[in-house]
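One chain, chain A, links the two complexes that follow: it is found with chain B in the first and with chain C in the second.
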Partner chain A sequence: MGILKGAVTRLLKLLAVVLVVSFLTFSLTKLLPGDPVVVLLGPQYSNVELREAVQEDLGLNRPFLVQYGQYLGNAVQGDLGRSYTSSFKTTTLLKQKLPATIELMLLAQLFSFVLAVPLAMLSAFRSNSRTDKAITTASFGLIALPGYAFAVFLVYFFALRFNFFPAIGFRPLSDGIGPNLRSIALPLAVLVAGLTAVYTRLLRSDLISTLQEDFILMARSKGLPTWHILLRHAFRPSSFSLITVFGIQFGTLIGGAVILEQFFVLPGIGSLAIESILKRDYLVVQGVVLVIAISFVLVNFLIDILYSILDPRVRRTGA
Partner chain B sequence: MTKPQATSRVLTATSGHEGPLLQVDDFRTHFETPTGIVKAVDGVSFTLKRGDTLGIVGESGSGKTVLARSVMGLLTGKNVIRSGSARYNGTELVGASESQLRDLWGTEMAMVFQDPMTSLNPVLKVGRQITEGLRYHLKLSKAEARAQARQLLDSVGIPDPNRRISQYPHELSGGMRQRVTIAIALACGPTLLFADEPTTALDVTVQAQILDLLQRQQIERFMAMVLVTHDLGVVAGRTDHIAVMYAGQIVEYAPTRELFANVLMPYTDALLHSIPKLSQPSHTRLQSIGGRPPDLINPPSGCRFAPRCPYVQPKCTSEMPPLQEAETPGHFYRCWFPVGTDAGREALAQNAALGIPAAVSLTQTLADKPGGTA
Partner chain C sequence: MTSNRHASWHRMTALVMGLVFVAAACGGSDTDSAATTDSTVAESVSKPVKGGELVFGAESDVSTLDVGAAAQPADKVITLGLYDPLMTYKDGKLVPYLAKSLEAGDNGADLSTYTLTLPTDVTFQDGTPLNAEAVKKHFERLQDPVTACPCLDTVKAITKIDLPNGPTGDTLVFTLATPDVAFGDTLAGSVGYIESPAAVAKWGAEYKNHPVGTGPFTLVEYVPGDKVVLEAYPGYWQKDENGIQLPYLDKLTVKPIPDSGQRVAALEAGDIDMFQTADSATVKTAEGKGFSAQKISGSSSTILLMNNAKPPFNDVRARQAVAYATNKAVINERVYDGIREESYSGFATDSAYYNPKAGTPKYDLKKAQALVKDLGGLEFTIVCIPTPEADAVLQLVKQMGEEAGMKITLETQDQGAFVARMFARGGDYEGACFRSAQFIDPDAIRPGLTTDDAGNLPFYSNLEVDKLLDEARQTADFDKRKAAYDKVQEITGTEVPLITTLYDLFGNVYNAEKAGPPPPGEANSLGAIKPGFLYATGK
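Now for the complex of A and B:
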């Protein structure tokens, strides 16, 4: 039961990571200048009695660790508190905003992976050919170009000039899959372009070194067709750094979502985070960060398991 | 022994009446590099008939591995230039397209590589690496291919094939892995097997086992085998013919027994002297060959071994000796002052008198053991 035991240990470690992240976010929001009570009360802040009442109400006057303990205790039960500014529960806000972000992220990862693998294979198999040079140059350019700059181009051509896609806004899946996809087409294209470029470059260079391996020569000497050698023999041993970065990109994507969601006015958790920070709505900020941390940690946990499936040498033999 | 006569340069491995399985004629493999053209294989000719084994011997960089890979057509890349002729069963391999070659690979010719640690795919189960060729070439079903793979593993001496078939390469020992690569090479029943230093990466204790296995399979399957090695000891009792390569050329070619009995080329002689012998007292200094193989971009204009040769004479550095047939038919060599001839003895004595280090040390070695080759 080597894999299972390894998984349990890893899961415990990840739990520790989530705890540390939640503690750091909690302390940060306390250390930051600015006070949610100021935002809530506005000019009435000078009223000491009112101020203390609000602090009491929000539990902000208790010792720091007690506050954190309470927060954690509630969080475990699925209660992330209420927004200071609106009366919504943090979890309700998250539930509203998560679908757009998750859909965008998953589709971006899916499309870029599916695009990058054949591109990288084409590039690596005929390395230094004209095709390879074109692919390499294009991906290099896309990596160098910041996503928001690319977004401006896309919006100008596909939304303003030709009106193929809406420039801003989001239609949920409940409006139908067509309108939904059209509404996220442009931000999706921005993400896919950047990710595909990164994945292609990464996989290309790993594939090139794998293709030098003796076992590839051996596979060729068996008279196997090229596609078989690329897919069966070369891809798997070349995919480790791709998989690693793929996992990390989930985290980066949520972070990157802040800019992109602002730009395309998408109701995702990036926009939620910004709004809440500006309003000193710290409970919501903490909720957002917690969700990001947990999903990031979970994805990378799955990636770790994927390693041991992809590479039998990583598998631990029974203790 | 008298001076051999210069005759035909064409080597004939056998005088058999059936056509040779592999006929290599003035075969060259050059690599274009930024610093010039590397003449890794430079005009090699030999023939090999079915059921025969040819040993190709030479030190690192002599072109033996390139020769094997390049004859088979495995070297690709824009910088690889193949010329001359290599015919397999009448089919010209030089200039053949990759897809034409692919039809021959696995089913007609196969290769066992040097290092079984790197020549097996680390992420694929042993069974799959054997069955994929069977399924692709012979169109076997999954179950048939698996049964066949089990049989193959059994025939190459792997105990418990049922368990081994679903293991990964890293779960097998080096010797086992090389047995697996041999099983893979044999899977689709090739008639020509290249074994490129198949025991170099293995423990000494399993080297003989692997060589025996190759030999047994070669006889059972009536294959032709090209056994590439740097170790004359490896080919000694196992090949029909030996080709000694130096700097991209064959410098001596003879039936195995004849070669060991009558070495003519000083390079072959030097290789023989560099093998440690059990009869020597321990800590005897090995007779190494001084210097390094020549630059293959601008090889010496005369004999390519001349700069390192104890027998070297002015003629050697200016005129390249042709590959000529000795008194014994079928024994070819490329030397102006062959070992064991009067001319050779004279050249060596002259060099020793001049104090040329290689000649002095060789003369001493020969004096130490009266039964030496000279």
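Now for the complex of A and C:
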């Protein structure tokens, strides 16, 4: 019951966050210098008849709050408007761009999590050993190395020299799982490398601290095997920082992989956002921001729920 | 001097190019010959064959698939697959393409009346027949402000369209508001691409995402920012000179790859078979890796735009000072490895209308310094979109100006804001980077230099120039036109409404193992090509 009550309260707060984000985005796009009508008409912008016809057609001549109200009313019905420049529905564009972004994000999180957990355990359990130092050095190296630089390196070796993977492009799952995975292998490797390093470092330090606790000493004294102690006793209480950052990274990955998307010519929503901002295609920008905001708050809402499940104290305090 | 229905600085990103070239499309032409083409391989290595597919890397995403607006190379390579222009250029001459003929009234003497005859056996890709009614509806649609065609001013000049043989006939008679010798040239641009009236009726506002024309390809898939997939239209009306049914290819995929380095990497990795670039360094890199390159140059050039309506450039001495201070040879050497040509005119040097005796001032530091002194100093800001190329060129311009005693501030602005400033009333800029357009018919320079024209971005005004440009438009007599344009070049050479720096060099780079050389340049966009003539070598 406690979890349910907490969840409903949080959900209402999150709804408020999404509303505020949508209003701020709507306002900011209006404050930006530039005008989508200029982008559409170019030199013909000075043709008053044409300009007014386009403004009327796009609804840009209505008062700000009326425009926002209409936008919000349509948005709750799943209509995020149409791109000023391409006439595609914003939802169509999002549907076209989200699969690549979501697939990349989920696989990157999955692989990095699967890699980071054993690496961090090994590193923490053998703290200050050669293995730990090697893992730590590699992690620092990957954190320090910007993703785009690592991407250049991967493209040079794996696309150009050995031709294992394509240098650019995205093949959807409908083309088959093999071509699909091949097409995202290099950007995925870049993301996984960076995330694994971060997760390994975080989990390692929490694990080292947990491994000093009395209950771990008790487990050891019972003669439990090492893997059992690490997985069943140490991992759960050490995973809070990891889970927090894991949640934050979802948001970052949804909208933040812009450079990688541009570099590998991936049809993701990061590049959609950039293109739309440059074209002053406000409705698409708003749609993208809304999706990112909703995803971000939803994932973090789930993370909060997960805290309650992992730690009864959170449940009790309602924190 | 330049035309300016058009575009921005090289590689100044898709958006700005798209925007400004949009207007070029209205009156521009897809030409075969006015551009100079140079290929690094013997083009006899393979003969066109039917079948196969190619992947084409474009500089930018397609900005529109609608008629009347397509202008930048990425638009052209796709829209010239979907549509056919009514007219085109062959060996430097304007000839009918989709149309059967175009005749000015009174045996060529009346330039305000044109009779267009259509073929009777052409159908759109949806099976709708091409006839007079379809062409009339096309122009009426472009004239409707709701269509928001940047070509509105151009098509509004058509005051009446008669169909003497009825709606299903093959003849249209156009009446223009004023005589216009370049009407045929207009029909060679995207204004002359005809769309299926049935498709427009079916899709309405969404037509631009479901284009249907008479061209060699049909649209199969369009994912903005990702790809456009075209498949051969089996009912296409045209065969090549050997009787092979066009298009040669079964399928053409166009992928936007904005980064030129990535385009080379994609070609190397085999992800694409051919790409376009306006970046000379990329052409050189690709050649170094063993790929073939078709280099095209014409009237288009990078330019330094000056706002003639506002201080300090409302004083001709200030404009002249910048022209004298700009050492184009140094820019060419430092930024382009010396492979471009210096430009002192909006005309290509091989244009029949080029006046070699005119032109903007050549580099002369002493004259620049004297003018700056005479002005009591010269201080201004140049705004541009941040690209490595523009940064490099403008840093040099700044250094050169400062040597002459000027104080120059460089400002960068994202595309949306940049464009808004360019088209703001009176122009919200002092100096700006830009790119002049490729053209065949010199009437293309008219909007850019005519007082109060929407395309006059330097806000230049000279009533004599206005009169000369109008006169040149209203006669078909070559000598009279040449005399008028010679005079315009003389005046603008002295008054320097803007400074052309270097002629553009556009490259179609391809893997000769997989693709035959692209067809000779559709020079209006320096790189726009008719994809119906692209072929795979099948090696």
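Keep this in mind: the second predicted complex is superposed on the first by the 316 of 319 C-alpha atoms of A that agree within 3 Å, B and C clash if a C-alpha of one lies under 4 Å from a C-alpha of the other, contacts with A are read in each partner's own complex, and residues count from 1 in each chain.
Convention: contacts are C-beta pairs under 8 Å (C-beta built on N, C-alpha and C of every residue); 3 or more make two chains touch, one makes a residue touch a chain.
Because the structure is a prediction, the values reported are computed rather than measured.
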Overlay on chain A: chain C relative to chain B, clash or fit: fit
The chain contacting more residues of chain A, comparing chain B with chain C, is C
Just chain B (first), just chain C (second), both, or neither: which does A:D79 touch? neither
Determine, under the contact definition given at the top, whether A:M218 touches first (chain B), second (chain C), both, or neither. first
Report for A:D175: first if it touches chain B alone, second if chain C alone, otherwise both or neither. neither
Between chain B and chain C, whom does A:L310 touch in the aligned arrangement: first, second, both, or neither? first
Could you look at A:S87 and tell me whether it touches chain B, chain C, both or neither (first, second, both, neither)? second
Aligned on chain A, what is the least Cα gap between chain B and chain C? Give it in whole Å. 48
Interface residues, chain C side, partner chain A - complex: 4-5, 13, 15, 19-20, 22-23, 61, 63-64, 145-146, 148, 150, 152-153, 205-206, 208-209, 223-227, 255-259, 262, 265-266, 268-272, 414-417, 419-421, 423, 425, 447, 454-455, 457
Per the touch rule, the chain B residues reaching chain A in their complex are 69, 72, 74, 102-107, 110-111, 113-115, 118-124, 132-133, 136-137, 168, 170, 181, 184-185, 187-188
Across the complex, what residues on chain A touch chain C? 32-35, 38-47, 49-50, 53-54, 57, 83, 85-88, 93, 96-97, 155, 159-160, 163, 166-170, 262-263, 265, 267, 271-272, 275, 277-280
Chain A residues touching chain B - in the complex, by the definition given at the top: 213-215, 217-225, 228, 232-233, 236-237, 310-313
